[in-house]
Amino acid sequence: MAVVDERFMDLNMGPQHPSTHGVLRLLIKTDGEVVSRVTPYIGYLHRALEKIAERLTYPQFTPFTDRLDYLASMNCNLAYALTVEKLLNIEIPRRAQILRVIMAELNRISSHLIAFGSLSSDMGAFTPFLFGIREREFINDLFEMVCGARLTYNYIRIGGVAQDIPDGFIDKTKEFLDYFPPKIKEYNDLLSYNAIFIKRLANIAVISPEDALDYGVTGPNLRASGIKWDLRREEPYLMYNELDFDIPVGRGEMGRVGDAWDRYMMRIYEMEQSAKIVRQCIDMFQQGDHIAKVPKVLKVPAGEVYVRAENPRGELGFYLISDGSTKPYRLKIRAPSFANLSIVPKLSGGVMIADLVAIIGSLDIILPEIDR
Amino acid sequence: MIELINNIIGNIHSSTPMIRWLVYVMVIVISSVIVLSFALLYEGFATYAERKVAGDIQARIGPNRVGPYGLLQFVADGVKLLLKEDIIPFYADKWLFIIAPYIVFTASFAAFVPLSYSDHVYVANMNVGVLYIIAVSSVVSMAILMGAWGSNNKWSLFGGMRAVAQIVSYEIPIILSLLAAIIIPSSLDMKDIILYQSGGLGIFRWIIFNNPFTLLAFFIYFTAAIAEVNRTPFDIPEAESELVAGYHTEYTGMRFAFFFMAEYGDMFIVSAIAATLFFGGWQIPFINGVAMPLWLRETLQVVVFLTKIFVLIYVMMWIRWTLPRLRVDQLMELCWKYLTPIAFFDLIGASVWVLLFNGKGVYDILSALFVH
Amino acid sequence: MDAKQIYQTLSEKFTGRIKQFQENTHPASVVVESDAIVDICSFLKRETELEFTSMISLSGVDLKDQGKMLVIYHLGSIRHKHKIALKVELDRNNPHVPTVEKVWPGANWYEREAYDLYGIVFDNHSDLRRILLPDDWEGWPMRKDYVYPKRYHTWDV
Amino acid sequence: MTENSKGYFKKMLDAVKSVFTGLGVTIGYGVSPGREVTQQYPEVKREPYDRFRGKLFVDINICTGCTACARICPVDAIVLKTVRDENKKLRPVVFDIDNARCIYCGLCVEACPVDNCLYFRKEYEFSSYSKDELISHFGLGELPQPDKPAADRPSPDMPAQAGPAKDQPVQGKTDETRKEEGK
């Protein structure tokens, strides 16, 4: 019989719990409201995607990358396509690159809208969540117009994009870009600068730059800790180096740099930047074919490559070893939420249970890409 | 009501004590049935109104399926809850678990009694009305703890502890702010308080306009009242996103309905007290002087009283769908560091004002200046 | 600094324990001795002009036909923006490698995942348990010769 | 007024101000009627866009039985059995699409060499109580033996949505009528 530490009560938050953003179980040792130690248990959503990848040909695996981070499946398709193209080293037509950037950035906005909404409903304000969903429906309509699906798009393929955009797409996107910015101002009035919201998030779970790098935290969470590292700027892929957008970095407006409020605010600023990017891409539009010539039976030359892209939740990397056949020999998926979640035990010594919900919400983790 | 009983008993005074006792009980039963049906009907419509207001604020339609415009939605909910399986957890403390919802409901229903709905329509004209309501509503916290402890569930235990801490500590600001309002009419009887506020076009003699201190007292009272009723931003005992469902996690079916209805009953009581004490109860504004038949005046008074209450209830619902939730220690901090000290100074200020102007409000002083 | 110079500084510092430099992989990779991995990693992290502050990812690879098990550490530097891959070759039947958890605490979960899917044991790891699969699962699923179990407790797979 | 007491009131003032700005936003919605974005689903049905990937449909008469779709499908949701008929052409005897297994990725539609043979329809309301109801059978059935007509399996294929997609014969046909046309 294990020695039962009777000072602390074991409390299971999850795997079925309203605010664990998916099937995650947190075993909390607490003596009341204050949490002393948290051990996350993951693996409830393990589908062995890496094993499946070894059984499927390269084009067949693209729909599975949708299911990695289903709130940002365009970005996941993009990272996978970039990996395989790196080994094939084929030239992507410019129109396909522009389309890819537009889709990736629109998906970043819709993913951040869910992050914003779920954190606000974790904090008790349900209305901003529905406002976020309302804006996200607009983007879902755009994606449905382009590729027919509203969540798992399978649109960005190896060599370019599946189909060219229908003619009504550009005007509808412009309509969205005019409609969206005042909504962000509405969120800020309603939630971001609300005293209770600030009190709940300021100075909570401060991640220092050293800890962030030690635990491999990436994306908005890393930038909130004051480190200006965005792969779209540091390792430009597609045509991000030609685009003008700035990288929001945590300045500790409401508390210390790197607290939960900063992480939340990164996403609000990033939504504005993404809208700016999409507007520039629409202006740079040009004719051209939407996909490079890729043989139907795709044999990728032997080699090893690690390619990473800036997903809304962080750096999604694919480490691909190919042996020249039509199926990858080994495909390691480096998921951003896996590293982001691994810092939770370190952050949660001495916080309250309500803060634990704030930590999980501000890290914006998503379970399918953790368990793969 | 007592006059009613006296004159009934009066004209059968020659009868034996047995008959007199029987009539007394019969009248009590009838009056309680009337008030209970009013309370249940109100609570039904309140749940419907809450969902309609929430829908309205969140750009949704809200219930409109059951009955015209969805008005019979609460009947459907009630039937559904009746038919739901009534689960009592295995290791639950059976009697505590069963009794708790009834006590919560009776406590909140008992507070309907001292209210005076109009000149002659009231249940019991207690001369300790306000004190009785405060006493009865503090039974609620004990009942919630019984329910939470009885259901033998870690989450409901958290909810119960938080509920007790919150309700008990928020009674201090409520009592202090009510005191600041009561020293003006210097009577605890609801009817006298309302009669004091008559005259002056039915509005200017409201206690809230009496002096600046009572104005502040209303806002303290209203905030503390929202906390007393466990509604956002103070709905920590049943914080869905943290504690799954707080103290009523294990309750199903009709038992849960009792907790649910008690919450709306409390909302009614709290806004009824605010309406009576600060907004001149059933004083008909503007056309009070016009002679009109008794029954029309009574109904008009009841209508005015209920609209004031429903306006306050709408404000509570509006606040619920806007603000996030406080953390437990921030809630306590708000109570002890902000509300209570300010309520104390406010009480001192109000009593000094009464001393200086021996009870006359701003309106009386000004009208006294201009009249002669 | 590009990968070649990193390889030079490493081979000077740890003569003999650096096996091979592979140019054709992207990012370039350096094959090292398994027991030298901890010193190399802490050196790479401490050294100012290298400063590999973050371990991007750690992946296990099963080279069944060569009878080897690989552990690949992808390291990146924020300041210098360069990347390197460290490779460690292990015997397939008894893969053992010391943990780098002390250098980058983030490696803890990656190593548990490599253990869970490949059976690679990381010596003196703080709590080497399965991370994705249930604790009582037999076999290492990502190995090439993994046989699917017919039943797991009451369900048939 | 000492320093922290000034902070005391300032903090309270900020809190009240921010609460009221938030309330201002929501009352904007509360007061102005008619800003609903939700629709009454069964009465008002949103028309999906043209490229909507709803339920798969196969025009079996022009299907050459090349099994390109079955091979490309990542989850093997398409079961296709062909048999050589009298004039050496491949006849798709069994062509089952398991809608419960299909992930609607669209790889098969792109792999199909014949135009308008395999395509998505705008139909998304085909939930059912049993899984085998979700398997839509498009097969042409066994070769008709000269003496007895082939026992044709009933096709529980759900009648398609009103709007005909592409040049699609009138919906609601069962396999028999489709077969007559094929002859």
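Order as written gives the chain letters A, B, C and D; numbering starts at 1 within each chain.
Operating definition for what follows: a residue touches a chain if its C-beta (ideal position, glycine included) is under 8 Å from a C-beta of that chain, and two chains touch if they have at least 3 such contacts.
Just so it is clear, the model here is predicted, and its values are computed rather than measured.
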**Prompt:** Expressed in steps between touching chains, what is the minimal separation of subunit C and subunit D?
**Reply:** 2
**Message:** Using only alpha carbons, which chain's centroid is the nearest to the whole structure's centroid?
**Reply:** A
**Message:** Can you compute the centre-to-centre distance for subunit A and subunit C, using the mean CA position of each chain? Integer Å is fine.
**Reply:** 25
**Message:** What's the distance between the Cα centroids of subunit B and subunit C, rounded to whole Å?
**Reply:** 65
**Request:** Could you please state the distance in Å, as a whole number, between where the Cα atoms of subunit A are centred and where those of subunit D are centred?
**Result:** 27
**Prompt:** How many Å are there between the centre of subunit B and the centre of subunit D, using C-alpha atoms for each centre?
**Reply:** 52
**Request:** Return the residues of subunit D touching two or more other chains; collapse runs of consecutive numbers into ranges.
**Result:** 19, 22, 25-26, 37
**Fill in**
Residues of subunit B that touch at least two other chains are 57-60, 321-323
**Request:** Please set out, as single numbers or ranges, the residues of subunit C touching at least two other chains.
**Result:** none
**Item:** Those chain pairs that satisfy the touch definition
**Value:** A-B, A-C, A-D, B-D
**Fill in**
Per the touch rule, the subunit B residues reaching subunit D in their complex are 53, 55-61, 64, 318-319, 321-323, 338
**Request:** Please name which positions on subunit B make contact with subunit A in the complex.
**Result:** 54, 57-60, 154, 158, 161, 232-233, 235-236, 239-244, 321-330
**Complete:** Listed in rising order, the residues of subunit D that touch subunit A in the complex are 14-16, 18-19, 21-22, 24-26, 37, 48-53, 72, 74, 103-107, 110-111, 120
**Request:** Note which residues of subunit C are touching subunit A in the complex, please.
**Result:** 24-27, 29, 53-57, 59, 61-62, 72, 74, 78, 81, 83, 85, 104-106, 108-109, 117, 130-134, 141-142
**Prompt:** Given the complex with subunit C, which residues does subunit A contribute to the contact?
**Reply:** 42-43, 46, 48, 50-51, 86, 213-217, 227, 229, 234-235, 303-308, 315, 317, 319, 321, 330, 332, 334, 338-339, 342-343, 346, 371-372
